[in-house]
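Below: a set of structures, written as structure tokens.
Okay, so chain A shows up in both of these, paired with chain B first and chain C after.
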Partner chain A sequence: MLLLGAAVVAVIGGFPVVAGTDSYILLLLGKFLCYAIFALSIDLIWGFTGILSLGQAVYFGIGAYFVALSLKINYALDHPTRYGNKFPDFMEWNGLKALPHFMEPLVSTPFAVACALIVPTALAFIFGVITFKRHIYGVYCAVITLAESLILQEFIIEYQAYTGGFNGITDYSNYLGIPFLWFMLAVTIAFFLIARVLTHSRIGTVLKSIRDNDLRAQFMGYNVANYRIFVFCVSAFMSAAAGAMYAAWVGIISYLDTGPVFSVEGVIWTAVGGRATLIGPFLGAFLVKGLEFLLSGVLAAFWQLLVGLLFIFVVLVMPDGIVGSIAHWLRRHRKGTLTQLREEQDLLAHDREHDWQPAGVPRSGEESV
Partner chain B sequence: MTQALISQILIGVSVTAILVISAIGLAVIFGVAGVINMAHGQFIMVGAYTAAVIGKMGGNTFVAIPVSFVVVALLGLAVERGVIRWIYDRPLETLLATWGVGIILEVVMKLIFGPELYYVGAPKVLAGSVHLVGRLPYPYYRLFLIVVAILMVAATFYLIFRTDFGLKVRAVRRNRAMSGCLGIDTAKIDMMIFMFGSGLAGIAGAVLAPIKSVSTTMGFRYAVDSYMTIVLGGVGNLWGVPTGGGLIGEGETLLAYKFNSVIGELLVFIFIVIAIRVFPRGIFGYQERR
Partner chain C sequence: MTMRRRKFLKSSAATLGAWTLGGTAPYYFMRNIAKAAEGDTIKVGILHSLSGTIAIIETSLHNAELLAIEEINAKGGVLGKKIQPIVEDPQSVVQVFAEKAKKLLLEDKVAAVLGCYTSASRQSVLPIFEQYNGVLLYPTLYEAQECSKNCFYTGAVPNQQLDDFVPWIINTLKRKKFYMVGSNYIYPKETNREVKALLEKHGGQNVGEEYAPLGHTEFSTIINNISGSGAEVVFSDLVGDSIVAFYKQFKQFGFTADDLPICTPITTEQEIAAMGPENAEGHYTSFNYFQSVDSPENKSFVERYKAKYGKDAVTNAVMEAAYFQTYFLAHAIEKVKSTEADALIYEGLPGQEFQAPQGKVKIDEQNHHTWLWARIGKANPQGQFDVVWKSENWIRPQPWVPYLYPDKTCNFTDQRVKERLSKPWSVEKNRSGTINL
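Coming up: the complex of A and B.
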């Protein structure tokens, strides 16, 4: 396992040295790392804790917009617009006379990065306190987060003087290059390790028990809501970091990067790779996104069709994803160690859980008319 | 000032009607069958395209309503048999699978009808407008939408609460295993209710087509608004959908008048989040014993 990880890291880290710096593939590689972190953040809340958020892109997008705005403002200081103004050109097009006062602190990039990480986490905390404390999750959480990201999207389009609107923010000096790729790789590994430690700790066990049966977890005396809020914040922090790096790397950010479609894409990467596994999100993001870049040029319209079929296929045929299915297969074909046997028992219990319901309490989502 | 306010409130009523029309099918599917149909918006879109085709062939909205109902109900039947019946016990995954169904529908409709917009005219009887307050014209078609909304809610609740079929539906909803023991074909009930809800989405598409240009991406917004309506109002009571729709419709219209539409939506969203903190299952929702 460790060898495999080291090999992957070596391939990604060593690739640009071999292939040169200005290849298109280098750009994709950095993008994929951001996508992978994004998928990992979704895996933490969905795969491990059972909260399905369709608005994770909100945190990704806010992080990305903070960094992009800061870079754009700095870029405009050195590169005056057509009329000689020293503030971003899209603000000029929209009739602003100067940089708005509330954006002035963003000149400092470290401050912007801090904002990019703290604001989404704080937002996730507020959201978590409001919803999870009242047992609002499952479908309701999914619908609310979906609406949240839709509204953020419209907000960005409406206030185009401050956000670039439909065109997004583009034309700023981005950090495309080997050093930043290595930095992103390091961050990715760090997040992977954090997720690994988190999910294999006591907290991770509680999270999984919340996913499998929150009622029983509560009876055991765990404060289910607080665990949910905690993991939601960690996840928001990760996607915000992914968004911040994405904006710095790619050099263009638009309202689409905060939208519900992107959020759901992240969910499907996780599902394809294998939810509740740590390698799954990485594998899913690289596979699906890679396929998209390979195929969308050849059959543009049919790629969307394939994505739609992929959703249905993953849910109906392969709910455990690639990694989960392989793990199942391995377990069946290998003499299990004690830990593996125990994990298998857990899985069996999880499968049975659907048949189990406490007497007198309707199954969640099953209310009377 | 009062006059402007009253006219805004009247506009809000028609926005409410639109919300109710698009949400009622979802309320049936989500509230009764317990399925999260993310393709609901695309079902509405298919209904609207059906109305566009009927319009091209010389029919009007009154012809389109039954045809769209049948077409989209059959579509719902196909989706239920093909996808949803395997995953009734995993609601969150129905969400993903039906999202995929929605993408497929959009691509297929785009391949068939091309990327251009279609326009459907309102029937001649309903052309023109009436002056209710002051000089603001209030189109007859908006009044028609209000009537349709009321009829759709009434028909749905007649079906669920006053017919034998509805009795079986409620029994299955309350206790699936016991209903099965008593000889109700639960799988068939699920199928029928999904078809009916889809058909209602078809009607929604047919009557909403004249107020908005028909495109493949028109549905998503309706789906999200419908979900917010249901989340706020709650399902399972005659007043849930109209109340949710009314609060959202009036709220957004009045706030859009005061500020702008995006601020209006944002404030209404915040209101909804706070409201479901107080009523976790919607204002008229069945309170789960937890």
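Coming up: the complex of A and C.
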């Protein structure tokens, strides 16, 4: 496993050295790394803790907008816009005469990066306190996060003098290049390790037990709300970091990057790759996004149909996603002795009992115990 | 133990093998198609969304370009080679536009790209075209105030749509009080700035201005405000689905085109087909081209388009530009006998003329925009436009609107611009042809 991981890292890290920095695949690789972190952040809350958020893109988007705004303001200072002024062009066509005062601190990129990481995490904390402390979760949580995402989109479009609106923010100098790719790769590895340590620790076990049955976890004395808030903040932080790097890498950011469609895409990557696994989100993001890119060129007219069929196939045939199914399959084929088979049966029965069961509903047979 | 290990090895090898095959096979498949075509074709990128929110209109542009390529190839192609369209679907997402543009330029090494529809998508790909010195032909009418070395704009700029339209409303329709309704983004905002300047110049009056979010379909508040404002004419630059909703609700509210006409530079036959002709009847649109234009070129264009895409297909102004810009490109390559970008940009495309469905059109020698005809159409019960006014001559494009930016112009033949653009992108990032007078 370690070897495979090292090989993947070497391939991604070594690619631009071999292919040169002018390859469009380099652009894709960096984007996919950000998408993978985004999917990992969804996996932490959804796969491991059972919180389905349809607004994870809010944190990604806020992180991205802080960085993009800062880079755009700085770019406009050095390169007069098409109107010939020294502040972003979208402010000019919205009738502003100069950079608004409250945006002046964003001239400092380190400050903007700090905001990009801290603001979304703080927002996630506030959101967590409001919802989880009041025991709002499940479908209601998904709906609230969805609303959050729509509100942010409306805000961005409405206040276009400060955000670029529908056009988004584009035409600033981005960090596309080998050093930044390596930096993103390092961040990705770091987040992967953090997620691994977290999910394999005692906290991780509590999170999984909250996912499987939050009432039992509560009866055992765990403060379920606090655990939920904690993992939600970690997830928002990762998401925000992914957004910040994304804006610096791609050089374009728009309101779509904060929207529910993007959040749902993240959920799909996680589902395809395998939720509650750590490799799943990475595999899912690279596979689905890569496939999309390939197919939308070769079969421009009906690629969406194929991608749709893939999702249906995965959900029907491999409900645990690709990594989850491979793990199951390996486990089954590695067991030889009778005791091991029994163990396996127990595990499977356990899995069955807990898969896709809404929390709080008594399971069949449970009443008689 | 050994048994288990072997099984494990086998299964993991199989999985790995399947993954490698599954992952790389399409790539090689694609590469081979591309390679097979090298040498005996000229590759042209087509970059219009075939999925997502703006797919409806962009698919029609993509269709028009493919039709033109088919015609050019049937007549023997360019320089004795066939044009090979490389179609990409940017999915209505600006980032995907940028990454697909990069792919077309670097991987497919296309001679030029025909593409984009919204200003947002154009602005997202322009930095890429400027960095890698590509050629983009852009067919949409837009808000102007831009001129990039690497882009040729074949749609209308405001002076070709508004400069005659606004005085015509004031003097011929005898309606002075304008109420402006637009979608909330760059194109309507810039356009309305220009309309307001024109109103001031010609003695009109602006009695209200309102913006709805893109895709907005609930207009009762805005229509109420219009009704109480004393407006004599509604000037709309709503786009997309909002057009359909607005016209319908406007009629349901009880307004007729005789009481209060809607005048717009953007509603095409396409939207009228979507809303039903009874909702648009009597309202006015200013455009360079209508499907009803009476010219032999247009008759044959509409006929061929319907033959290829079905008898219910309608044509519109942006499509027409998409169609003739494909000919511009083919003739330019023929003229310079090369697909090299600088040859096309400095020699091939400027001055290129073509007998288009709307009449004779020409790329300006200096500013990369296109000489077009202006027309005003009144929507009829059949969902088509009756042309009620037509410009006497073709109109020169002015990428810097003179009454807003009197001190700026765009001229790529100017010595200062030439000198600046002769430096590579890595040294000089400003690739615009703008000069201060």
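Details
Methods note: the second predicted complex is superposed on the first by the 313 of 369 C-alpha atoms of A that agree within 3 Å, B and C clash if a C-alpha of one lies under 4 Å from a C-alpha of the other, contacts with A are read in each partner's own complex, and residues count from 1 in each chain.
FYI, contacts are C-beta pairs under 8 Å (C-beta built on N, C-alpha and C of every residue); 3 or more make two chains touch, one makes a residue touch a chain.
All figures in this text were calculated on a predicted structure; none of them were measured in a lab.
Of the two partner chains, chain B is the only one that A:I136 touches; chain C does not reach it. In the superposed model, A:L117 makes contact with neither chain B nor chain C.
Judged by the touch definition given at the top, the superposed model places A:Q304 against both chain B and chain C. Once the two complexes are laid over each other on the shared chain, residue contacts for A:S23 go to chain C alone; chain B is not touched. Judged by the touch definition given at the top, the superposed model places A:L106 against neither chain B nor chain C.
In the superposition on chain A, A:I144 makes contact with chain B only, while chain C stays out of contact range.
In the superposition on chain A, contact is made by A:E154 with both chain B and chain C. Of the two partner chains placed around the shared chain by superposition, chain B is the only one that A:V264 touches, whereas chain C remains out of contact. Of the two partner chains placed around the shared chain by superposition, neither chain B nor chain C is touched by A:I210. In the superposition on chain A, chain A positions 154, 158, 301, 304 are in contact with chain B in one complex as well as with chain C in the other.
Listing the residues of chain C that touch chain A in their complex gives 3-4, 7-8, 11-12, 15, 23, 26-27, 29-30, 33, 50-51, 86-89, 91, 93-96, 98-100, 102-103, 106-107, 119-120, 123-124, 126-127, 132, 145-146, 184-186, 189-190, 213-214, 408, 429-430, 432, 434, 436.
Interface residues of chain A facing chain B in the complex, by the touch rule stated above, are 52, 127, 130-131, 133-136, 138-140, 142-144, 146-148, 150-151, 154-155, 158-159, 215, 260, 264, 267-268, 271, 301-302, 304-305, 307-312, 314-316, 319, 354, 360-362, 364-369. Residue ranges on chain B touching chain A, taken from their complex, read 30-32, 34, 36, 83, 86-87, 89-97, 99-104, 106-108, 110-111, 160, 169-170, 173-174, 176, 221, 224, 227-228, 231, 235-236, 260-262, 265-266, 269, 272-274, 276-277, 280-281, 285-286, 288-290.
Touching chain C in their complex are the following residues of chain A: 22-24, 27-28, 31, 79-80, 82-84, 90, 93-94, 154, 157-158, 160, 165-168, 170-171, 250-252, 254, 256-257, 290, 293-298, 300-301, 303-304, 326, 329-330, 333-334, 336.
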